[in-house]
Every structure is written in C-alpha cells, then in structure tokens.
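What follows is chain A paired twice: with chain B in the first complex and chain C in the second.
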Partner chain A sequence: MFALLILVPLAGLILMNLPIGAALKRLAFPLALALTVAQSLLIACPAGVAWLGGGTLDHYFNFSLGIDGLSRVLLLSVGIVVFTTLLVGRAMLVGPRRQFNFVSLMLLAMIGMNGTVMLSDLFSLYVFIEITSVSSFILIALTRGRDSLEGAFKYIILSAVATIMMLASVAVLLMVAGGTSFEVIAAALKNSPHSLIARIGMGAFVCALFIKGGLVPFHGWLPAAYSAAPAPVSIFLAGIATKASGIYALVRLATYVFPQSPAVNNVLMLVGAASIIIGAVAAVSQSDIKRLLAYSSISQVGYIILALGCGSPLAVAGAIFHLFNHAIFKSLLFVSSAAVEQRTGTTDMAQLGGLGSRMPVTSATSAIAALSTAGIPPLAGFWSKLIIIVALWQAGFHAYAVIAIGMSVLTLAYLLVMHRKVFFGNVGEALAQTREASWGLLVPAVVLAAITIGLGVAMPYVVNTFILPISRIL
Partner chain B sequence: MISALDILLLAAMVAASVFTVMTARLLWSVLSLASTSAFLTMIMFKLNAPLAGVFELSVCAGLIPAIFISTIGLTQRLSPEALAQRRKDKLKRFFFLPVIIVLTGLVMSQVPLAVDFAMPAPAVGQDVQTVLWNSRTIDLLGQIVVLLAGAFGVAVLIKGSKND
Partner chain C sequence: MNGMLLLPIVLPFLAGAAALLLGRRAGALGGPLAVVATAINLVVAIVLFRQGGEVTFVAPWATLGMEFSLRAYQFSNFIVLAAAGFGLLVSLYCVKFMCDRKHANQFYCYMLISLALVNGAVLANNLIAMLFFWEGLLGALFGIIAIGRPGAWKTATKAFVIVGISDLCMMLGIALTYHLAGTLTISKINLPLGGLGAVAMILMMIGAISKAGSMPFHSWIPDAALDAPLPFMAILPASLEKLLGIYFLARISLDMFQLSAESWISPLMMIIGAVTILLAVMMALVQKDYKRLLSYHAISQVGYMILGIGTCLPIGIVGGLFHMINHAMYKSCLFLTGGSVEKQAGTTDLAKLGGLARKMPITFGCFIVAAASISGVPPFNGFFSKELVYDAALERGILFYVAALLGSFFTAASFLKLGHAAFLDKGRNENAGVTEAPRSMLIPMVVIAALCVVFGVWNGLPLHNFIQPALAGSHFGQLNAHEIGDYSGMHGSRVLLIMTALSLLGALANHLWGAKVSGSGLGAADHIHHAPSLSWAYDRAAQRQFDPYDLVLKLLAVVSNILWRLDRANDWIYDRFTVGLTMTLSRGVRLAHGGNYAMYVLWAILAAAAVLVFLVKS
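Our next item is the complex of A and B:
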C-alpha cells in the first residue's frame, strides 16, 4: 500500500478543491497537517513501513513502488519539513485564499516528492520530479511580488533546461538499454557495447540533477529563488524540495545505477568540493539572512555530493546522514529567519540587532541550528560531517578532507557573524517593541531543535541502527 | 530508407518550431506549437509508432495548446510600443543559434560514437489501454498530476491576480 503515500494527498487535494462548500476548505490545513504527522510516524516506525508494504493496492493500480532505507530517510524528511512549512505558512501568509492555495500546492509537492523517492524507473523519476518542480515554481511566485516572480522565472528557465536534458537522456538510454528501469540501465552501462552512448545519456541526466539540486556550476537560480520566495516556501525549498528532486536522485543513481567508476566519482567529488567552497565563500559577503542561508545550502549540499563521490560505505553513510541533518537544521535556520521577518518585516542584517533579548526562543533555536550546520559537537551536524571527513581521510582523499574541515570553520564564522548581527548587541529604537515570534513559528522551531540535539546525543544508536545498514545495502 | 515525404515532414516540423519561438504573438506561438506536434505525430505514424503518435496528437497538439490558450485569455495585450520593441529585439536573441548549431554538428561529427544499435521495437499490436494501464500506470498518473499542477498554477497566479 505504498501507493497510499501518493493517493491520499491526491484524494485530499481533489476533495478540497471540489465546489461543495467552504467546510472542506476550512479543514484543508488541519487535514494536511495530520497527513504529514501520519506519514512521519508511519515511516519512522518499522511496523508502519511493514503495514504500508502489505495489502494489494499497489498491485491493483499496477504501481511499481518500494521503500528501502534511503527512501525512509527521505520520506521522513518530507513529513517533517512539510509539517514545518505548513505551520509557518499558516502563521505568515495573509488571507484565507492564499493559505488555502498554499496548502493545495504543498499537497501537490508532497505527491511529487513521495513518488520520486519510491520509484525505480528513470522516466517515472523524471515525471515525479516535474510535479515537485511545477509546484515549486508556483509556490515561489505565490505572493506575485516582483522579486518572487523573478525568482520563479529564473527557476523555471533553468528547470526547463534540466527537463530537456532529462528527456534527451531518457530517450538515449531507452534506445541503448531497451528500457528505463534502474536495473536495465545499470546492466546497459556495464555490459552494452554502446555503453559510451549510455554514459553520455546518463551524464546528461546527472547534469540535470545538478541543476535541480542547485550545485555549482548550475546554482545560479538558487539564491534568487530562496531569497525571493515567501518565508514558508524558502523553508520548503531549502529543507526538502531540492533534496528530493536533485540530491536524492543523485544518491540513488550513484549507488544503484552507475558502475563504480573513478571517472564518475571524480566528477562528483569535484562538483561537491566546488559547491562547498563557492557556497561558503559567497555566504560570507551576504547582508541578507535568506541569501546567506541560500549560499550556505549550496555549500552544505556539496558535502553530501563530496561524500557520495568518495564512494566507500562509510562515506555514503555520512552523505545520507548529512542529507537528513541538513533537511532539519537548514529548515530550522529558515524558520528563525521567518520569525525575524515576521516580527521586524526585514531580513536585512544591517537593519537588525539585539533581538536576542526580545526573541529568546528564536535566538536559542537559531544558535542550535547554526552550530549544527558548522559541525559543533554534540549536535547532529557534527557527527555527519565527522563521518564524511573520516571517510575521505581513510579513502586517501586528504586534500578533500582538508577542504571539508577548512570550509566548516568558515561556515562557523559566517553563521556566528549572522547570529551576532541579528541577535546580539543593543536593540535599536525601531526594534524596541519587537516581541517573540508567534506559536506557529515557535512550535516547529522547538521540534526541529529537539531533533537536532536528540540525533546528536543518540548518534551511535542512530548511525548503527539506521544509517550504516542503508549504506551497506547500497 | 528516407523518402521525400520524410524530409518534407521534418522540414515542416523544424520550420513550425522555429516560428513558435520567434513570433512575438503568444497566440500564433501556441498555434505553431500545435502544428509542430501535428507534424511530429505524422512522423511517428510513419516510424510505425502509433501509440506515441496518438499521445502526441491528443496531449501535445490538443490538451496543452488548450491550456495555453485559456491562459492567454487571462493576460493583457502588449502595448503597440512594446510590441514594436519586441519585434525589433527578437532577432538579437537568436544571434548565436546558427553558431551553436554548426559547432555542435562539428563536435558530434568528430566524436567516434557507434550508433548502429537496434532500436527497441515500438509498441505495435499493444493497444493504448494495455500499455498505459499495465506498464506505465504510475507515469500516466504522474502526467495527470503535472497537468493538474499547471492548471492550478494558472488559476492561482493569473486568475487570482485578476481577482485581486
């Protein structure tokens, strides 16, 4: 019954939009919220996954869906981040119509992301990535401001290029391999006399995923889209959208489809290292919180790709752990940014300062997220970065390990500077009346901070029970 | 064996697609896009791929232009000045296109790619229902949701803007 993760949000979306009265529309938000909680609980609990795996629904619809350890990590992230996004959207978006449209679009995006992580066919993967992308374009432009329309337009244009590359790749691979399932393509890449053409096709698909994931040198759209989008949409984009549609697919293809090849690994490591460096260096010079966090996202995603390119089971475990951690701490940082925006009306650091005394909870949760991002023990981000760096060192990639450590220090520097500018010092006259953020922002912030601390403290159990088994299976 | 009709159809398709991206009027662009799909449909039938042809005709030449036209109905006309400027500037954007095409052709002719593989057999003999309902049901559902998302976007961004 894995199909439930696609069909239930779809049924909810259709029901909510039927012209049969306002009552259903009023129920949209609590129902969508309940859906994310149900998904998170079902996926976190092995009995829930076993229940989803039973039944005949998938067979009835002829759906080829499956959930393995990697899918579980992503589905759990989808549940948590969409839950957060819905709460922040409720608190920050103005007007019932806009809030209702937001909930509908989040359900559409959920369908796309849930489908993406449960499929094992390249063409199906493309179709569900497109669902997430189309929902994201509309979400970015939801407020119809000049900046948000510009951000959405940049994303559409680069996504269109990615779409063309994906379709061309699927066509080439279909010709060479005779099918588009991961299994068939993996066999063609290994054994076909035309494996060079298959590799070119696969390379085009990977480049498209670099665009979707916002990796260097295809990251041009990301800072504009993240910073111009409404606050809840920034959380959604940074927390899960680019991960489900770009990074997850890369991890899946690199581990299931590509034969282990030094050439592929080198490309992944180069792109990963370039993303880490360029993202971190660009973040240093930003004066807007959301733009800084956008560049920071590019840098942190670089760690995932660098580890993936390393290829050892420990490195892949680190990549998957960092994928989940980044979804949590980056969402938390954007929730903090949303809280500041809600109370002060700006995210320009030059106009902020001294908010720590006015917004103590936001300040504390933001500090937890910043320290986790920079890799400070005992928070979750420290362990995933440590695993990645140890794996790189063990595999003999000493230069990459040094880059990873050096850029972590830079990450700590720019995030502490951001925190100092926003929360430390004396509060200005204009901000003297600032109050703590509303409950809609505090609840997800506290939940995400608790996950960040909890994962860090329970790290040996989490890694041994969940993360290492996934990387060994891969 | 390539016949004169094949070349004619390919030329017509390319001409229609070039006109699609070069015309200044959205409505003409959509109609030209539908023509591109219609020519592609004929090519697909000639290549013995009727299933792909049926889909190209119904979705790309039918449904998608209908969505585009309904969207255009919600927009405003360009002012005569803006239209004149648009016509003046349109060729500039395509300045590098011939160069890119020639360079790509040169590079591709130098790459030693063996492209003598057998194409997978088209789905001849399988009716549309069998293929879609037995093999690619999830893709069918996915495409429907993509269209739904697009239509929802039109309603939210353009119709909503008019209401505001």
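Our next item is the complex of A and C:
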C-alpha cells in the first residue's frame, strides 16, 4: 500500500482542482498538512511502515515499488519538509488564490518526490524527477517578480540540459540492458563492465543528477533559484526538492544499480570535494542570507556526494544520515531567514542586526541549526559529519578527510558570522519595533530544532535502529 | 567506641560551620562558641589519649583502595592532644582579641575547620584520606590570611601558590608510593629507599617540610605575619602546621620509608635543616617589627626539627620531635604576647614601642619565659630539646653542629634585642596610656609559659609519655630498639653544655656591646646588619631578591611575555592571514560567478563532457 503515498496526493490534487465549489478549496490546506503529518508519522514508526507494506493495493497498479531503508529516510524527510513548507507558505504568501496554487503545486511536488524515492525503474525515476522539477519551476516563479522569473528561467535552462542527458542515458541503457528496471540494468552492467556505451550512459545520468543536485561545477542555477524563490519555496528547494531528485537518485544509482567502479567513485569524490570547497568559500563573502545559505547548501551536499564516492558501507550510511540531517537543519535555516524576511522585509545582512533580542525563538533555533550544520556536538550534524570523516579516513582518503574537517571549520565561520550580523549586537532604530515571527514559522522551527537536538542526543539509538541496518543492506 | 575517632574531625568542623552562620554576631558569640567547641575537642582528645592502644575506624569510600580509614595510636593521639590544647588556648585568647573585628565569623570558621582538618590529617590511615584533609587546610589557610588587613589577599595568594605547589609534590609522592607499595594504607607501607622510593620520599618530604614552613617554602610566612589576623600566626604557622608537618615528616622518615643514616636523603635533610636555621635566624635578627621578627624564628626553628629527624639517630629524632612540641608552645606564646602588645599599644613596630615592661608585667613575664625557651636557656624546655639535637648533629658532622649552635647564638641575640626594644627601652609618650592585656588573653599566655617551664624542669614527663613511645612504636624504633635510651633529665656531654653556655653568654655580650654602640636596644644588631658583605645580602633580601616566590614570578613574567608574543603571532595567523586568504579566495569565486548565465551552462556542459571522457578513458 506504499502506492497510497502517490495516489492520495494525486487524488487530492485532482479533487481540489475540480470545479465543485469553494468549500473544498478552503479545505485544501488543512488536508495537505494532515497528509504530510500522516506520512511522517507512518514512516517514522515501524507499525506504520508495516501497515503500508501490507495490503494488496500495490498489485493493481503497475508501479515497480522498491521500498527500503533509504527510501524510508527520504519519505520521512519529504513529510517533514513539506509540512514545514506548507506552514511557512500559509504564513507568508499573500492572497487565497496564490495560496491555493501553492498547495496544489506542493501536492504535485510531493507526488514527484514520493514517486522518485519509491520506484525501482530508471525511466519512472526520470519521469518523477521531472514532475518534481516542473512543479519547482512554477513554485519559484510563484510571485511573478522579476527575480523569481529569472531564477525559474535559469533553473529551466539547466534542467533542460539535464533532461536531455537523462533521456539519452535511459535510451542508451535500454539498448544495453533491454529493460529499464533497476534489476535488469544492474545485471546487464555487471555482465558487461567494460562496455563503452554503458559507461557513457552511466556518466550522462550521473552528470544530469549533478545538475539537479546543484553540485560544482553544475550549480550555476542554484544560488539564483534559491535566493529568488519566495521564502517557503526556498525551504522546499533547499530542504528536499533537489535532494529527493538529484542526491537521492545518485545514492540509489551509485550503490544499488551501477556496478562499483573506481572511476565513477573518483568522479563523485572529486565533484563532492569541489562542491564542499567552492560552496563554503563562496558562502563566506555573501551579504544576503538566502544566497549564503544557498552556497552553504552546495557545500553540505558535497559532503553527501564525497561520502557516497568513498563507497564503504559506513560512508554511505553517513551520507544518507547527512542527507536527512541536511534536510532538517537547512530547512530550519531557511525558516529563520523566512522569519527575518517576514518581520523586516529584507534578507540583506548589512541592514540587519540585533534581532536576537526581538526574535528570541528564531534566534535560538537558528543558532541550533547553524551549530548542527557546522558539526558541533551533540547536535545531529556532528554525528553524520563524524561518520563521514571517520569512514573517509578508514578508507584511506586522508586528503579528502582533511578537506572535510577544514571546510567544516569554514562552515562554522560563515554561519557564525551570519548569526552575529543578523541576531547579535545592538538593534538599530529601523528594526526596534520588530516582533517575533508568527506561529506558522515558530512551530516548524521548534519542531525542526527539537529533531536536530533529539537525533543528536539519541544518537546510539539512531545508529542501531537506522544507520547500521542501512549499511548492512549494502 | 571506634566511631569516637570521628569526633575530633566532625566537632570542630560543625562548630566552624556554625560560626560562619553567625555572621555579624560572631564578634560576640563566635569566641564562646569556639571555646566550647575546642574545650569539648580537648576532652575528646584526652579521652582518646588515655584510652591508649590502637583504635581504628574504617568506612568504605571510593574504590581502588581509597577507603576512609582513621587510626589513633600513641603518636597521632599525642599530636591530636597537643593540637586540641593549642586550639583551646588560642580560642580563649581570641574571645577578646577578635571581638570587635570584621570577618570574625570567617576567622572562627577557618580556625575551627583548620583544627578539624589537622585532626583528620593526623588520624588518617589512608594516604588519599590524608591528602583530602591536608589539601583542605590550604583553603582554610587562604581564607584566614585573606580576611586580614586590606590587601592581604595578595599574601593569601602567595601562600596558596607556594603551599599548593608543595602539596602537588605531596600528591605526586602519594601516587608514586601507591605505585610502589600497592596499598594506600599508611600503617602497611614500609618501602626501601632505592630509585623511585627515594623520589617518592623526597616528594612527600617537600610537602611535609613545606607545611612546617621550612626554607625554601617559607616566604609567605613573614608576609602573613603582617597581613593576617594575629591569632592566625599563633594557631597555624606556629603550632598546628608545625605539628602536622613534622608529624608527617616523622611518619615518612620512620614508618613509610626505611630511612637510615647511610642514605643520601639523611644528609640532604640535615642540610635543609641547617640552612633553614641559619638563613632564617639571620633574617630575624635584623627585623624591626615584633611579628615579622617572630615569624622568621618560626621558620628558623623548623630547621632544628628537620635537622634532628634528618640525623637518623634516635637521640636526634627524639630531640626533633621534642623540639616540635616545645616550639609550638613557646612560639605560640610569643605570638600571643605580640598580639597583646598589638592590641594594647596599637602597633608592633619596634621603633614605636618601648618601656612596656612596667605597663604589661604579666605579658613581659611570659615573654621572658618563652624567649628564654626559644634561645635554649636552661632550665626551660627549648634548652633540652636543642641539646638532644646538638648531640645528634655533632655525631653526624661538626659542621651541622656549628650551624645549629650559631643559630642558637643569633636566636638569643635577636630575642635580647626584641625584649630590650619592646619592653625595656625608654617608653615613648604615645605608650603612656598602655595597660595590661585583658585576663582572657593573659590566661593562655600564662598557661603556655608555665608549660614551657614544666616541660623543661620535668622533661621526663613529655619524653616518657609522648615522644619516646612514639619513636618506639615506629618501624624505625622497632628496628633500632637496642639503641634507644632514655633521654630525659640532663643529657649531653659537658663539652656541649659549655659550648651552649658560651654561645648564650656571647650573645649577651654581643647585645650589650651593640646596644652601647648604637645607643638603643633596637639598634643592638645593627653592627651585624651593616657588617661588610652581610649588609649587601641584607639589602638584597630586603628588596625581596631572594624570595623564591618572587624569583619564580619574575621568571614567569619573562616566560609569559614570550608566550604572549607567540600568541600574537598565532593570532595573526588566525585573525589576519587565514581570514585574508579566505576572503581573497571567496572574492575570486564571487568574481567567477559574475552573473553571465551562458557561462554557467557552459561550465556544466564542459564538466559533463570531461566526466564522460574520464569514464570512457578509464
């Protein structure tokens, strides 16, 4: 019955857009919110997963579902981040029509993301990635401002390049394997490891996913899109959209479908390290909060890809854990920036300062997210970075491990500078009347901060229950 | 009855805590409280002592052999008894002395807690428990000095640092001893003195002699004499800490390590003792302040005890221990007379005193007895203990004997000067209204002075009851049982007696001549002060150039200056270099992101091509 995770949003999307009255449209937001809560809770508790796994519904649809620990981590992240995004969107978007469109598009994106992480077929993967991307384009341009349109346009252009590469790759791999399901492709690639055309297919798909995930040097669209998008959409993009489409697919393909090859791993590690360094270095001199966070996002995704390229089970488990943590803390950072934007109307750090006294909750949760991102114990981000660095060192990639540690220091530097500029110091006259953000922003902020702290403190439980099973499957 | 061992620790401690709670009322109520508490403590100590034999109390504490074990036997009972006696007398003295002082509650608290801790350290039969009490004294010491006159915290810090460092040595010594002996129970430890054993012994000895106030760990005592409330000097450096330090020195020398005259540690101890005697007494001789002069003697006299124990001869050890108890008596008596003078005349500056003998006859009488004792004038107690030490020192080497005798000469000279200047010289007008001290302050002085006489004339009493059994009960005593005689009565050869008499007469002659030349008692030692080459040394000492604490502080200033410069360099690397590098790189990356979108797309396509080429090639 995992198909429900696709079918229910789909049914909801169709129903609310039928011309059968305004009452249903008013219900759209609470129902969508309830859906995300239901998804998070069902995935988070084992009984819910067992219930979803039972039933015969899946047989009636020709979905080739493959649900494992990795999928579940992503489904949980989708639930949490979409929940956050919906609440923030409710608080910050103006006008019922825009809100309704927003909810519809979020549901569409949810279909795309849930499908991406559950299906075990290369072509279906492509289709659902595109569903996610298309809804993202429109979401970025939701307010139809000049910047938003420009950001959406940039995303479309590079996504088109990615689409071409993905489609070409699917065609090539279909030719090699005679099918598009993961099992068939994996078996075919295993049998002919030296096939030139198969390598081109693999390389093209990986490069396309680099673009979707926004890795250096495929990241040109990302800073513009993240910073130009409306605040709730930034949370959605940075927290989950690019992760569920680009990064999840890379993890899935590199560990389950493509044969372990040093060449692919080298490419992954090189791109990952480049992303870490360029993202962090570029973040240091940014003056806009959202742009800084966008570069930070590139840098953090680099950690995931670097660990993935390392290839050892521990490293991949660390990568998946960091993927989840990133969804939490990066969403939280963007929620903080949304809160600042909501009350001050700007995200330019030069105009901000001293908001800590006016927005204590936002300041505190933002600090927790920043510390978790920088890998400060006992927050969750510390553990995933620790696992990644230990795995890198164990696998003998000492230089990469040193880069990972060094850039983690830089991460702390730019996030602390950001925090100081925005929240510390004396509050200026222009901002003296600033109030704490509204409930719609505080609730998700507190929930996300609690998850970050809770995961970090309950680390032994998390390792035994989630991380080790994932790495054992590999 | 074993639980009774806890009483000497718990009782004063609770009383101390209660004194602290008194707050401002402590000026009036603290004294009686302390007197009652110390009186009960004395009763407990007497009961313990009379009970005799060995009593132990063991309670589980921490793991790894750290148990809370107490052991009362002849020697420790004796120290507890002595400490209880001084505790009571000084408390009695304080009732009047402290009644109008600020911080009286803290003073009583620290004093009573010190008493509890000393009792604990003496009774402890486990090195860790002992260390617990021993280090606790440091806190009380700091507090009691810090509440003295304004600015005393500086002296308190000095004392804290010096004693703290030597306590650290003690801690290391204990760790090493545990490593060697495999047990922390003091009564089970008996280690040979080879290699590490010697190191452990030296480390613990540093702790012990530092507690007793020996050189080179002495320099806080003269400062504290001026800064701290006076009864502090009488109770801590003069009596309790001496008792504890020398007690522990005797324990490590006689029980815990197999010290013998052949070991190199024996001459080392004797050298420390001899040097301490001479240097400190030379400093005492030229002091112009009542309390400061006494404090140097408190250092100097420790030398006799260390010298005596260091000889490793039964007679020397008996002499050293006997001198310990004698010193505690006459020195606390002397400090108490100093306190009376301070309280009645308002100053302890010898230049402003004079002619007090007529006005404070009882104080003067006590002073004479105590001063005669410390100078070694027969038949007072100091004479007999010094004779025993002389005897042992002469047997081990003539140099040590000469040093000890010279020390005696200068001691006598400096007390002649002190008495002459403070009590006999023509009085000044300001002192016209001075009267005798109140009775509650006189009683302790008189009692102690009387004891000085008793312990001298009937010296068999302390020797038979306290000191010789303590020696006989130790490992050392059991090993050398046949050599231990009875040292009571008039001991020593005729030559020694003549030499002592000559040195005392010499001191008197020297004083009379000096007083005649300079025209006053105060200047009686000036000819020594200004003697060629000595005056140079005295000037340097007055400028604190020989104070180990100040020397180390100066050294530390140099080291910290160097470290500061290194730190600046470090800061430059972090604050300037790294930041500059990062910002430069960052600006470079930013320039690359110039906003030309075609360029971004080109990057992506070129990178994808590179990836494909790489994959195909490999």
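Worth a mention:
Going forward, the second predicted complex is superposed on the first by the 472 of 474 C-alpha atoms of A that agree within 3 Å, B and C clash if a C-alpha of one lies under 4 Å from a C-alpha of the other, contacts with A are read in each partner's own complex, and residues count from 1 in each chain.
By our rule, a residue touches a chain if its C-beta (ideal position, glycine included) is under 8 Å from a C-beta of that chain, and two chains touch if they have at least 3 such contacts.
Just so we're clear, the structure is a prediction, and the values are computed from it rather than from any experiment.
When the two structures are aligned on the shared chain, A:V184 is found in touch with neither chain B nor chain C. When both complexes are overlaid on chain A, the residue A:A204 reaches chain C alone and has no touch with chain B. By the touch criterion stated above, A:V257 is placed in contact with neither chain B nor chain C.
By the document's definition of touching, both partners, chain B and chain C, reach A:L196. Applying the stated touch rule to the two superposed structures, the overlap between the chain B and chain C interfaces on chain A comprises residues 196, 200. Listing the residues of chain A that touch chain C in their complex gives 154, 157-158, 161, 165, 196, 199-200, 202-204, 206-207, 210-211, 217-221, 223, 262-264, 266-267, 278, 281-285, 410, 413.
On the side of chain A, the complex with chain B involves touching residues 6, 10, 13, 61-65, 97, 101, 104-105, 108, 111-112, 115, 119, 121, 123-124, 127-128, 130-131, 134-135, 137-138, 141-142, 144, 174-176, 178-179, 192-194, 196-197, 200. Listing the residues of chain B that touch chain A in their complex gives 113-115, 117, 119-120, 133-139, 141-143, 145-146, 148-150, 152-153, 156-157, 160-161, 164.
Chain C makes touch with chain A in their complex at residues 582-583, 585-587, 589-590, 593, 597, 599-601, 603-608, 611-612, 614-616, 618.
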